[in-house]
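For clarity, chains are labelled A, B, C and D in written order, and residue numbers in each chain start from 1.
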Amino acid sequence: MDKVVSNLAEAVAGVRDGSVVLIGGFGGSGVPYNLIEALLAQGARGLTVVSNDPMEWFPFAEQGRAGKVISGFTSHPVRPEITQVVEEMVRSGRLEAEAVPHGTLEERIRAGGMGIAAFYTPAGVGTPVERGKEKRTFNDREYLLETALKGDVALIKGYQADRFGNVVCRLATGNRNIVMACDAELTIAEVEEIVPVGSLDPNRVDIPGIFVDRVVQAPKVVRWLVRGEM
Amino acid sequence: MNEGLSRELVALRVARELKDGMYVNLGFGMPTLVCSFLPPDQDIILHSEQGMLGYGGILMDESQWDVDLINASGQPVNLVPGACFCDLATSFGMIRGGHLDISVLGAYQVSEKGDLANWQRGEQVVGGIGGAMELAIGARRLIVAMEHTTGGGEPKIVHRCSLPLTARGVVKTIVTNLAFIDVTPEGLVLKEVAPGITAGEVQSVTGPRLIISSDLREMEL
Amino acid sequence: MDKVVSNLAEAVAGVRDGSVVLIGGFGGSGVPYNLIEALLAQGARGLTVVSNDPMEWFPFAEQGRAGKVISGFTSHPVRPEITQVVEEMVRSGRLEAEAVPHGTLEERIRAGGMGIAAFYTPAGVGTPVERGKEKRTFNDREYLLETALKGDVALIKGYQADRFGNVVCRLATGNRNIVMACDAELTIAEVEEIVPVGSLDPNRVDIPGIFVDRVVQAPKVVRWLVRGEM
Amino acid sequence: MNEGLSRELVALRVARELKDGMYVNLGFGMPTLVCSFLPPDQDIILHSEQGMLGYGGILMDESQWDVDLINASGQPVNLVPGACFCDLATSFGMIRGGHLDISVLGAYQVSEKGDLANWQRGEQVVGGIGGAMELAIGARRLIVAMEHTTGGGEPKIVHRCSLPLTARGVVKTIVTNLAFIDVTPEGLVLKEVAPGITAGEVQSVTGPRLIISSDLREMEL
């Protein structure tokens, strides 16, 4: 078993038009920037891009490669010029943008990977998020039915991996990468270092290899997306 | 009427609500500043949505920045002893499951019933929910920290929110540059005013009628 | 903040009659045996005991302390004499025994701790488990609605912990302990060693302290419950 | 008719189905024995319900036993390089979510439609489901490894299970002391017989009519 591929082009080879693409990371931390660039270069179109931060899905929207984005942020928190472009794309029908409470988004992704079809969450009750969704009361509290969100492809970022696909994440970078690895037909991990099988502490593995299909080594990209005032 | 407290002093007043042993999430914007005013002799554990429990302050010295260690606003932070990490589904489970003692959020509007609107400006079709809907409903106590009025001087504390809601009936306390207000079943109770501000002045820029607390006082800062 | 208590009696103090008690561990691995003994000694009655292995819930049933057990195993896999006693208790109405698919059990516990009211799982469709449950089709497959199972008390076992309640588990002992810690009003951890705050690797913590209310140091108890032929 | 294969040889035959790169769960009883017959030159990752990926064999030398490292049957095991641990909700997510290539389970009864009954004897009100319902529905391929008949000589492969079901229409392959049988939409296909056993003998202790494969052969062991 050897899940290591030799370069980024090979890592994203075969991603089809129309795929649902999950992108890991949070706020610039643990974002698979190399895989994002490789997928942009690969050429697949009509994608549905699922990510938290506009900085990951916006390039796909701007380059006409995504017909839909699903994210906690369909506007940009601190860059109004991006929000304006997205607003215009949505109003003109060139982009569908689904804003989802972030906890719901992650739980829908987890459910997809774990074989759960749907679940009831209290987030969004009494807000525009409840539109079109079943509402149901359990123990005197209202909940919304949310369904699993399956990915065709997941792009994730780790620190180290072995050829079995076991991934270790550094500090706060596990974030969404750990959640989504299980959810895609094809999960691709970019890591800073590939290490021999047996060198990772079995209790320290963040993403079990069973969830990972391809591993590629790529240099860490650092981008600061600092929001708000320092 | 003077302008009341600076953003930093609002954050300081909010920080006074945090006690030893509490787990607390600080939202985007003004709430983030609260982390600079924690009492140094108490264990207050700061939660960040991406799966971090126990960060300290925001790092100003760029040589210490590590993009693998940021808060949910994207700012570089350090860890306190006893910190730990988890994945984001678990992190939101902490929020949704009622494990946080306090959540501090910013707001566009708060209603007299404690409804919160903080994710979408009415004129847009796009918006930024992020973790706000879970943070609003999940924490045992939700404190809103915000400017008392909009840039144009309109009240942000209103009878009924005109903007899309984040959650209904969730806000317990509102701390602004002018006042400290509790949301109660009887209505909005004005507990404290900023130095040099009168109850009448607060009322003049607040939508609903305020109940003046019998022990109304000036904020201690 | 100091969650460390000085002895086992203090650790289980205040557990009320009628509590739902979750017990961690799996097959003898990571089982909080000291806390189980302490709770038996503490005296609370009319308990609902939720555990995987009969060896953890059977003492509560046998001593008349549990009115109900919820478990993957309401019989004992290799000790027919225990199965016979339980069978007789259930038939005579002295014990209610709910057999639950183990994955469903853990997911119900996780849901309880994570604020999810209920979820749809494919496990148990077409079997006696579906009795009385809502069945619903998503994407041409049938699922059962299962509701969150909240605990009043969770007894868990770790290897090391600090006074914030952060727990590290050794090897395969995290198992159910990691899942249930979040689900109880009162989560009590027995650990082999209490270490200073700051000495645990933040990426190696298995159970975040936010989920743990009390920590007690107790010597590891080793019991082999080997099933089946070696 | 001779008694066919020993339990160990049934396990050996099942082991031949496991290929490099597969993730496999071995259930309680006879399936557990499969771990002793894995090809040494291939990476076959064994999953155990309590949250372990990558254990090796069952340890016979008591001096090596560690109760913190057991398989789901409670037996002491060792780890292979590249192993990892997870919590039990995640572990069952691996099963339920379709991530296992093969699940090997024992059975009381299997029907010609692939229904499985393996958790409760009909006369009891109690029973042991354990992880069987998830393992039965979740793996890409479910192999049942069992004795061909009950202790009393009754067929365990039946038209319709009389015992409570574990799952419907899930069994893909049945390996017994007498035969290797595939469950297909057309019916049960007898692919292999144990050495010295004839197709007629297998049929005589099997409930439903068997379809004899055009390339029926003796098991290679």
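Simple rule for what comes next: a contact is a pair of C-beta atoms (placed from the backbone, for glycine too) under 8 Å apart; a residue touches a chain by one contact, two chains touch by 3 or more.
This structure is a prediction, so every number in the text was calculated from the model and none was measured.
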Minimal step count in the chain contact network, subunit B to subunit D: 2
A-B compared against B-C, more contacting pairs: A-B
Length of the line joining the C-alpha centres of subunit A and subunit C, rounded to whole Å: 33
Mean-CA-position distance for subunit D and subunit C (Å): 28
Mean-CA-position distance for subunit C and subunit B (Å): 36
Touching two or more other chains - residue numbers and ranges from subunit D: 85-86, 89, 92-93, 95-96
Residues of subunit A touching at least two other chains: 107, 110, 114-116, 121-122, 170-171, 174, 202-203, 206
Interfacial residue positions of subunit A with respect to subunit B in the complex: 26-30, 52, 72-77, 83, 86-87, 90-91, 97, 99-104, 106-107, 109-110, 121-129, 170-176, 178-179, 206, 222-228, 230
Subunit D partner contacts - residues on subunit A that touch it in the complex: 1, 110, 112-116, 162-164, 166, 182, 197-198, 200, 202-203, 205, 208-211
Parts of subunit C lying in touch with subunit A, wherever the complex brings them together: 107, 111, 114-122, 136, 138-139, 141, 143, 147-148, 169-171, 174, 201-204, 206
Sites on subunit D touched by subunit C in the complex: 28-29, 32, 48-52, 58, 60, 65-70, 72-76, 85-89, 91-93, 95-96, 119-120, 124-134, 137, 164-168
Parts of subunit B lying in touch with subunit C, wherever the complex brings them together: 20-21, 23, 43, 45, 47, 53-54, 79, 81-86, 89-90, 92-100, 138
